[in-house]
Amino acid sequence: MKDDDVIISVKGLETFFYTNNRCNKAVNGVSFDIKKGKTLCVVGESGCGKSVTASSIMQLLPKLSRIENGEITYHSNEGDIRIDQLKKNGPKMRSIRGSDISMIFQDPMTALNPVYTIGFQIGENLQYHTDLNRAERKGQSIKLLKEMGIPLPEQRINEYPHQYSGGMRQRAMIAMAMACNPKVLIADEPTTALDVTIQAQIFELMDKLKEEHDTAIMLITHDMGVVTELADDVVVMYMGNIVENGTVDDVLRKPAHPYTKALLESIPVLGRGKNQVIEPIKGSTPDPYNRPKGCQFAPRCPFADSSCQVMPDESSISDTHSVRCLHPMEAV
Amino acid sequence: MKRITMLLILIGLVLLVSLPVFAGGQNEAEAPAEETAVMEEGVGPTNSNPLSDLRVRQAIAYAIDMDTIAETMFDGMVLPATGRVPDGPMKAPGLNRYAYDPDKSRALLKAANWDPNYKLDLGYYYGDQMTVDLMTAIQAYLSDVGIKMSFRKLEGDVGAQLNSVPTDPANGPSAVEIDLGYGGHAALALQEYFNVYKTGKSAQYPSDPKMDALIDAINATADPVELKKALFEIEKYEVDNLAAYSLYYMPMFVYESIDLNRNGEIYGNPQYNYDWNIQNWTMKPESNGKMVLQTNGGPIEFFQNPWENPGIWISNKVLYDRLIACDGALTPTHGQMADYELSSDGMTLKFTMKDGVKWHDGAAVTVDDVQFSIEKIILAPTAHKVLLSTFNSIKGAEEFIAGTADHISGINTDGNTITIEMAKLDPNILLTFTQFAILPEKYLADADPLKMLQSPFFQHPVGSGPYKIGKVEMNDYLVMVPNEDYYDGVPKIDEIQCYPSFDSDPNVVKNATAGILDYGFSKNPSEVSSLRALDNIKLETVDVPYTRILWFYQYPKK
Amino acid sequence: MLTYTLRRLLILIPMLLFLSFLIYLGLELTPGDAVSYMISPERYATMDPAELEAVREALGLSDPFLIRYVKWLGGVIKGDFGYSLQSGVPIKDIVFDRLPATLELSAGAILISTIFGIFFGTISALKRGSIGDNALTLAGMLGVSVPRFIFGLLAILLFTFHLKWLPVGGRLRPGYEGFMDRLPHLIMPTLVLSSTLIAGVMRYSRASMLDAMNRDFMKTARSKGLPEWRVNFVHGLRVSLIPVIVLIAFRLPILLGGTVIIEQVFQWPGIGNEFIGAVRSRNYPIVMMIAFFTTFAVLFVSFLIDLFTALLDPRVKLD
Amino acid sequence: MNGTKKKITRLEKKFDRILMREDTGLIKKKKGSRAFRKLMSNRLAVAGIIIVSVILLAAVFAPLICRYDPLKLDLRNKLQKPSIVHLLGTDQLGRDIFARIVYGGRVSILVGMGSALTSAVVGVAIGAYTGYKGGLLDNIMLRLSEIVMAFPQIILVLLLVTIMGQGLRNLIIIFTLTGWGGIYRMTRAQMLSLREEEYVQALRAFGLNSFAIAYKHMLPNAVGPIVVNITLSTAMFILYEAALSFLGLGVPLNISTWGNIVNIAQDLRYLQFFWWLWVPGAIVISLFVLGVNFIGDGLRDSADPMQQG
Amino acid sequence: MSEARETILTLKDVETHFPIKKGVFKRTAGHVKAVDGISLEVYRGETLALVGESGCGKTTLGKSILQLVKPTGGKIIYNDKATERDLCRLSQKEMMEVNRKLQIVFQDPQSSLNPAFTVFGSLQDPLKTHGIKSKAERRKIIGDLLESVNMRREQMDLYPHEFSGGQRQRIGIARALSIEPDLIVCDEAVSALDVSIQAQVLKLLKDIKKERNLTYIFITHDLSVVEYISDRVAVMYLGKIVELAEVEDLYASTMHPYTKALLSAIPVADLDRRKKRILLEGDVPSPVNPPSGCPFHPRCNQCQDICKKVIPSLKKFETNGYEHYSACHFAEEQLSQ
């Protein structure tokens, strides 16, 4: 059994998409743990499967997709629950969603229903997971909004999403997600649609909530900067696989996978000055329907050789650090 | 996407181009140019219009197999015609039938040097399927002898398109576009059939002194023997000369529900007024014991003026009474509202009002009402021609119309009698008074004769007939109830309900089938065919033919 | 809101003016006038041009076109909608006499088609790809593909002549004028009229619902642990309704057009029937006013629908 | 793992099949347009294409498949029931109904497709330019289309028919006059959204003239919905033709069109007792319109990248 | 830096306002002041970055320069070495000539190429318009262009959907280069790209600039990228420039609290440079009703009374020997913090 502070463990998860009579192996064998009170950052470029992983945990996959293999275990107070074996929209799954595990999305404008007030949408969550009556729900919603730093919550609770600004909408989303004090908050690129100053506010808020509620956060992002600032643990994904997994120090200071390393070297970093050297990664991400054999990164990897034609296994570098590469980088 | 688009556009274009080309399949076949011996008959063209050549007109007449058409298309309902005047005592003997003879037709065309590329343009105004069918058939027959013909329903100002008279009645040019016209003609008085040919009256027939003389002859006498002779002459001249080609006589049909009982009362010309004694009719009572007659002809916006179409609307038949009653053949029989006396020279007519003749509002019908009615109608140009021609012949009518006299000097009243003195003889004077509805002066005194129908009177008319208005819902229904004061006895049927549906309206058959039509009349063969198939309807053929004619527009074209 | 209302109404004015001019001009260009219809062709031929002119004069038809138009327009502005050329009945009376019939018919059809259309469309979307969905799609397609009058005639054939359940047509019978008496007359025309409308609404609300189902907030609603019915109906249906309502507004002209045919088939004494009659008899004032009324009604109702959409969709601000 | 696995649904089976083929490398990158493939996988659309093609081909090659001239009268053999001699019987004038329907298709399809194409040409030509350019002209055209569209179309058509008179060419002109509004507005809306696309801005930055930008560069991207619209209005105009025939204002009755053939059903006698006079026509008209609608819907789905299947 | 820098573009009080129509007769009730009085000089051969959050008007300013959006006021003077012309007052024909020299690269690789045309089809029309009549010549030019953005010549006959996002962006750059411009406005040219691709494009832009002696106006919200690519930076807030400085200078001696907050808000991918964030309160105010006084004052943690009343002008300072402009009443105090 895992150590006590793991709240969700994912093992060998495979989620495939079946659209247009093709099969896209969007997530192809992914294992990681989300720890209580910690932030796990899942980082990767678009199409790497990070959002699908999140949706798999919430069982919110679209109709034309399914979890093929693997285990998603939620270590609840009442014992372990195998989420992958629950009925997609069954009562058990629904009681977990929004109450034990919550999720916030990339674009709060589209993620909120435009025709209902913010209060109604937060209240709905409370209605289905608590015994509060209508008045209490309203009070609780106001409290939540206040906690999220929305001014005049008594008034704004009756407003519609379009009357909110972008940052406020995301705060309202978070209020909704935090309504039932969940154990895990999954944030799927929560600030991509926001400006940097607002992004900073949202991260500050998430940090605060993590501290106060001991909530585990799974943060999905493509921005290495965000990872650096927020993560306790990091998972780097590429084309449906986790290529590197470790604490933030492990991954950022001693990147073992050529992809992680290349990624870090390809972005300009604020403060390094005008003459910093950035090294682009050659080529582009492969077509998911026409994947390379073996290691998915091999065609773009400067260290690849013929042995990379076989998908490498995960190998440990330290207790906390593992990598999926035949030629891991030497620690600097 | 792009490929599909290109494909679709391509297909579309190909079709657009190809369809009209292929649609040629619907064009008439080329006429076989067979040679037959040249006939002696006929004379050459009188002007640049090929139809002015009698041989061409004859060729058209010979080309149409009216016998087969009558037998098949019309299910034997119609009678192939020979001349305008329907069969009967006034029908001239030995008229040319122009029986179907395509070979003769071709020969005549050849003799007339018919240009096979010349396309005749036929116009008609009936909207029913049967007319289209007939036109299609005529087109096919003409095509068979080598005459191209197209046809179209005239829209809009139909009268002008058919009947505009050229400014020069002798030489034209024609004031209408079409070459052939198809239409019907029913005459209240037989003279009407031929008066249309008079110089300056016809859009089709160029001025013809001989015809004018013949027309004068039939209008000059009221004597039946002389009239008959004159009529025979003009009938023969018309047929031989093919001024127009009478195709067939369409009899009238009266249809009645099996629940209606006329109690022996007569049938007659349903387009006009005759003494049908509706007050004696009965219906099978409904469950509540009420006798209800349902029929058509309910008003849509207003009640029709009885002076325009004297009897075509059932409401006009039963709401108003006339001074003289006539039988089914429109022969005057006896006084209705008044007793009458015609002087032997036919120049003085005297009416004595009967007692107890009352308007629906209870007031008595007076001779002043009669005088008023005549002086009103004479100013209304839309009134029926036979009526007008009688009234225009009254002494002093001209002055009255011109506005130089306050009254018509030929009309004089005295107590309950009224005397009418004629300026010139009118053979139809009695007939006129069998059709002329007297209207109450007090409601219409101020009405403008040019727009009588806009008078509030025609929203809720008051007459003196056996029935009066019960309730009107314009465009929904009209209920008429018995006139309790009716001098010939209170009518037995408790209610007449009229729905707005008319001749040639497909709803007639639907309503009859659904049992909400107990009485009506029709001159529409397809309607009659449909009605004939119904179990709850009996059909009565009334021998009042309506002549259907093919007009030849003989003036030179512009 | 008020200013929006005002502006919409103000925009109507030039549109209606333009429209009225077009129609007036159009009718002017048609061959014939009311006179040639009032008088049967046979008699027309025998009338002197002077006599005809007198009739035209009396009916006010001999003025030049523009003067007649301006006169007419002046009347309308003064609230005088003119008189039927033939009966002299005020057109207001005629229109208001016919209006209830058409309203009855179209209101019934709108109601039926909206309710059933949205219901079937939503079900179809939720069960996308199922046999029921396919059957409904096919039925809907059939509904828009069969000519409406064929539907009408078949209905008469079946319900009146074979089953003898319903009357053949018409609206009122003497002595039977209450709503319940009218109901049997109303059933067939309403159903036939709504049949094609249902199909349209159904197809559209299916697409709209499918669209709503793909939206992000549905995922959010599920992520809150809401039951499926609530996700679909409270969140999905509500949002999908907005474009459907707008579509129904857009269909109003089609509906009014549809009543023309249906009123003919079922002898329904409504505006459409009156219009056809007036067009055929060149009764300009009536044609004008009906064209006017219908256009105004359509524009006005679509404006009402705008307001209604604003109520349904908080995002829509009417300024 | 398997014990608790839910029952295998149809969808799951489909997934398994795809997965198996994917794993064995059977699925190769398909050639040809994706939209085309999608259209061909839509069963209703394929049915539509078949129906429409059969009727179309029959109409185009009418002389080859008809034994009789559609205009040939045979009064003595009128109202014959369907038989070997006359496949669909004869009408009230003894004309062969099969031939009339086949030849009638030419006119009806010409009216439908011709009107749809001409109104598309007008609507697209105006919509593409004004939609891109905006300004006063755009405003005027928009108002004009609002007027045209606010007016119940059939009423407008009736008005125009009485003004212009009946006839094939007039009908197409009238349908164009009344029908351009819809496609104009759709094209305009498309252009409005395309106008924001960056490649359009790029072309403007190169100083290209508006005609070239609107018609050459933007229009091809709006073609999908336009084609769908043309298809659907073809169906609509065919129905209009029938409706006008019903009111007696359509193509002159002596020309066989589907509308004129079916119109006979107004006569209760034929409706009740001579079903073969109108039933085949009604079926063909409905089938053709149905087929066209199927195609239109299929095209719409295949042009829409959002819908997956 | 040499003192005799040649200006290629001079902006004087450029204003781009969009009217807001209200009321029954659609009176203009107010304006969205997207660009509100911007004066700026762009020097030949430099990369000037325009940074700011969404809604600050940077993209509108970029489009205003190319006249894709008509500015409502001010002058934009373009100096093509021979003449100086005010772009706002040029006729369409004259503007077309200028368009040879001013080009733009857009943000979204999805919509920057016409999906209905091949690359050649998309790129040839500008060439045609600008006088290259022979098709063979156009093919050669486009082939060369593709090679210059590290793509293969043959790829000109492919359709946009056959390219990846990065490739499309490179084609977009090739298109902008096709008529050999002097100045290219890069409007968020790398923002929509994946990180691994972003670097390729950035590097490409930098290389091309060197090769062809181009001038860039680089519009972005990403200050990390700005630091890497630009020479000078103009920070915009609510339609106005709040700070303008040489890039190193801006980072080293920030003279506006907004710039400071912006810099601190950026997550930095370097564990050793983690720092305390300066949190701004609230959101960017609406450009319809900008706050009185300093537009930044409602969010500024150093706001004084004067900030609420007086609009600070863009004042010139000198830091580390460079010109440094700041629109803060307390610009110099910022330095000492």
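Each chain gets a letter, A, B, C, D and E, in the order it is written, and its residues are counted from 1.
Rule of thumb we're sticking to: a contact is a pair of C-beta atoms (placed from the backbone, for glycine too) under 8 Å apart; a residue touches a chain by one contact, two chains touch by 3 or more.
Because the structure is predicted, anything quoted here is derived from the model rather than measured.
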Exercise for review: Trace the shortest chain of touching neighbours from subunit A to subunit B and give its length in steps.
Suggested key: 2
Point to revise | More contacts between chains, D-E or C-D | key: C-D
Exercise for review: Mind checking the centre-to-centre distance between subunit A and subunit D? Centres are C-alpha means, answer in whole Å.
Suggested key: 48
**Study point:** Geometric centre distance via CA averages, subunit E-subunit A, whole Å
**Key:** 33
Check your understanding: Between subunit A and subunit C, what is the gap in Å from one C-alpha centre to the other?
Key -> 53
Practice item. List the centre-to-centre spacing of subunit B and subunit C in whole Å, with centres computed as mean CA coordinates. Key: 38
Exercise for review: Find every residue in subunit A that makes contact with two or more other chains and list them.
Suggested key: none
Exercise for review: Going through subunit B residue by residue, note those that touch at least 2 other chains and give them in order.
Suggested key: 2, 155-156, 510, 513
Check your understanding: Which residue numbers or ranges of subunit C touch two or more of the other chains?
Key -> 30-31, 161
Check your understanding: Across the complex, what residues on subunit E touch subunit D?
Key -> 63, 66, 68, 92, 95-96, 99, 102-104, 106-108, 111-117, 122, 125-126, 129-130, 172, 175-176, 179
Review point. What residues on subunit A touch subunit E, complex-wise?
Key: 45-46, 165-168, 195-201, 203-204, 222-230, 248-249, 252-253, 262-264, 266-274, 276, 278-282, 284-285
**Study point:** subunit E residues touching subunit A - in the complex, by the definition given at the top
**Key:** 53-54, 164-167, 194-200, 202-203, 221, 223-225, 227-230, 247-248, 251, 261-271, 273-274, 277, 279-280, 283-284
Practice item. Would you tell me which residues of subunit C are touching subunit A in their complex? Key: 215-217, 219-228, 230, 235, 238-239, 242, 312-315
Study note, to complete from the structure: In their shared complex, subunit D is touched by residues of subunit C numbered 15, 18-19, 22-23, 26-27, 29-31, 137-138, 141-142, 144-150, 153, 157, 161, 210-211, 214, 253-258, 260-261, 264, 272, 275-276, 279-280, 287, 291, 294-295, 298-299, 302
